[in-house]
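Please find one structure pasted underneath; my questions will follow.
Letters A, B and C name the chains as they come in the text, with residue numbers starting at 1 for each one.
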C-alpha cells in the first residue's frame, strides 16, 4: 500500500476551481515528482496535502490514516513536512537555531519552560547532523538572513528535515537558482533520497527526470499523466502539452 | 412603538454613515500603504478644530484680525469650514505619510506604532493651541434646530448629516470605480508593481491617498462636531466605532464597511434610546457576535496585514 | 543587553545582578538625585507590568493596545478581595493575578487566532469593553469615583508581619516580587517556549509547519502577560491606595506600548525596564519645565520608530558594538557582534 494517498481532491477559491479531481499516491522510499505548467495548481495541491488549506472534497490518507483537513501541526507531528518555494525562515535566528527549533526533541520540551536549548548538547548535535546533510555545516552560527539564495534554499529543506519526517514535500527547490546552485541542489536531493521519501514540485524538467522515480503531471487541476520518467518521455499528452523541451 | 423609533433610527443612520466614512478613509490607507493608521482619530479631531476656527469667533485666532471674515454670512463661512477642516487634516496626513516612508517594507507593526505616536503628538499640539476645554461648532440656521413631523420631533442637523455622509460615500464609490484614479488606487491596493507598470509614481500616489484618507477623516470630524462637541480626545470616541466597523465589515470591503457602519450606528442609537449608559457596549457585543462566527467580518478577504 | 543569541542554563546573569543591586539600593539614593520615593514605587510596578507586556509585543510580536484594562482589573480585584473577602496581602495579590488572568484567558480565546491588524483592532475593542464596563458598573467599581480606601496590607509570614505603609516599605515588597519575576521570565524566555514565541513573531506560518499549535501558544502567552499585568495592577492599587478607572483607558494602554518600545523591547529582555525608567524620569524632569512634556515624548517616540526601532537597548548595543570593534579592529559589522 502507498505511504501517502490523495483521493478525488477538489478545491475552489471563490468561483475559481483550482483542483478539480486530484488522485495521487506516493510509495515509501521513492522520490515522486509533480510537474505542470504555471497556474496548473501544483502549489495549491501541496498546500492541501500538507494542511495549509482544507480541501472542499476528497480524502488524504497517510500511512492508512485519514488526515483530511488536519491542521499543519498535526500533519507535521504525524511525520509529513514540507519546504516552501517562497522562503519561510526565521530571519532573526542563526542557521543552527532555525534547525534546532524544528526538532521534535525540542518540541517535546516546550512544556518544560526552564529547559535551556543551548545547553542541550544532544539537540545541538542532532541539528549539526542535519546541517551536514544539507551542506551548511560551516554556516551554523551565521544569521539566516545573510545566507545566499541557494543556501537559504538548502536551509529551507534543512528545517523541513529537522521535524524528522517520514515524507518530505519539497516545493520547487531550484526556482531562481543559477546552473551552479541547481546542480548543488540536485546533489542534495540525490543524497536525501537515500533516507527519506520525497515528493517534489519542480520546474526544471531535466532535473526532475534525472532524480524522480515517478512523475505526475498536473494540468487544469487534474492529473493528466503519470509514470516513470521513461514512460512520460513517450507520453503523447506530455509531449503535446507545453511543458517545455525535453532532450 | 415602531413609529416612535423613527427619529432614533435616523440618528443611527447618520451616526453609522459617519462611522463608515471614517472607516473608508482608514481602509483606503490600509489598501495602498498597508499601514494601520492609529492617528485617524486625531486627524478627525483636527478637522473639527479646523472648522471651529472658520466658524466661531473664539476659535483660537486673534479676533480683530479675523473680524472682516466673521462678518460674512454663516453659510459661506460654513462652506469654507467644510473645506478648511478636511484640508488641514489632509495636509497633516501627508506630513505623516512622509514620516511613514521609513517603515515601508518593514514589519507593519512599525507603521502602526509610528501612527500611534503621531496620534499622541497631534493631540498634544491641539491641547497646546486650543487648550483642553470644549468648543462648540455653530452651524447655519438652515441646518440646525428641529422640526415636527407627525407627532415626533426630528433634528434637522442629523438628517443633513445623514444626507451629507451618503453623498460623500456615493462620490467616493464613483471615484474609486468610475475614474482612472480609482482604478490605480485599487491596483495599488493589490499590487504595487502594477502601479509602476501603469506608469504612475507610487511615491506620489501614496502621498495623495494618505492625504485623501486623512481628509475623509477630517470631513467626518467637521460633520460630527455639532453633535459631539469638539475636545482634544473626541477622536477616540469616533475612531473606536470606526475600528469596530472595519473589523465587523471586513478589511478591504467597501460595502462591508458601509453596511457595518449602518449596523453599528443603528444599534448604538437604539440602545441609547432605552439604556443610555450602555449604548456603546451594544456595539462591542455586536462585534463579538459577528467575529465569533465570521472571523474576517461580514465581507473581509485575507489580507497581507494579517501576516 | 540583547536577546541572548546563546541561551544559557543560568538562573542569574550579570545583568540580573546589576538590576538587583541597582534597584535594591534605589531608596537609598533616589532622593539624592532629586527624585522622590513614591516615584520609585511607580517605576518598579510599571517595570513589572512592562516585562509581562513585552512577552506579547517584543517576543511574540502581538501589539495589544488594550493591556491597560488588565492592569486596571488587577487593581479592582485587589481592592474588592480586600473589602469583600479577606484582607490578607497574599490572598489579595493572588486574587488580582487569578481574576485578571481569567479575564485575560477569556479575551485570548477571541484573539489567539488573529494576527496583525485584526489582533490590534480587536485588542483595542476588548480594552474598551472592559474600560466601558468598569466605568458604568458603579456598584462594583465605584464608577468614575473609583474604589477608595484600599489598604497597603502588611506582608505576613506566619507570625512575622512587615508593614508596607511607607513608600520605602512598599517599594521593597514590589522589589522582591520584581526579582522573582525577572528570574522566572529570564528562564522562560530562554527556554524552548521563549524561542517559539520569537519564532511566531518572525514567521507564524512556519511555526505551525514545524509542529506547534500556534493559537494555543498565543493564547497562553496572552494569558500569562495579563496575569503579570494583574499583579502589577494589584500593587498599583496598594501604591495609590485606590483603584481608578483612568488606568484602563486607551491612553494608558498606549503608554505601556510606548514605554516598552522606547526602551527596546523588540531587541532586549531589559528594554521594558529601560523604557519605564525613561518615561517616568521624563515625566518628572520634562514635566517640571513644560506642560506639554507628552508632546516631546511623543515626538521622541516617532523619531525612534523611524530611525531606531530597537530603542534604548538597541543604542546601547550599537555603542558596545562600536567599542568592541574598536578594540578588536576591523572585525566586521558591529550590528553582527554576538553577545
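Rule of thumb we're sticking to: contacts are C-beta pairs under 8 Å (C-beta built on N, C-alpha and C of every residue); 3 or more make two chains touch, one makes a residue touch a chain.
Nothing here was measured: the structure is a model prediction, and the numbers come from that model.
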Subunit C omitted: connectivity of the other chains: A | B
| item | value |
| --- | --- |
| Chain whose mean Cα position lies farthest from subunit B | A |
| Most central chain, Cα average position | C |
| Separation of subunit B from subunit C, taking each centre as the mean of its C-alpha atoms, in whole Å | 33 |
| Centre-of-Cα separation between subunit B and subunit A, whole angstrom | 47 |
| Whole-Å gap between the CA centroids of subunit A and subunit C | 41 |
| Interface hub residues of subunit C, defined as touching at least two other chains | 205 |
| List of subunit B residues in touch with subunit C within their complex | 30, 36, 38, 99, 102-103, 106-110, 112-114, 116-118, 120-121, 124-125, 127-128, 236, 240, 243-244, 246-247, 251, 277-278, 280-281, 284, 287-288, 291-292, 295-296, 303, 305-307 |
| Touching residues (chain side subunit C, partner subunit A) in the complex | 5-9, 187-188, 190-196, 198-199, 202-203, 205-206, 208-214, 336, 338 |
| Complex interface listing, subunit C residues touching subunit B | 61, 63, 65, 110, 113-118, 120-122, 124-125, 128-129, 132-133, 136, 204-205, 250, 254, 257-258, 261, 292, 294-295, 297-299, 301-302, 305-307, 309 |
| Touching residues on subunit A, where the partner in the complex is subunit C | 50, 52, 71-73, 76-77, 81-82, 84, 88-94, 97, 101-102, 104, 106-107, 109-110, 112-119, 141, 143, 146, 159-160, 162-163 |
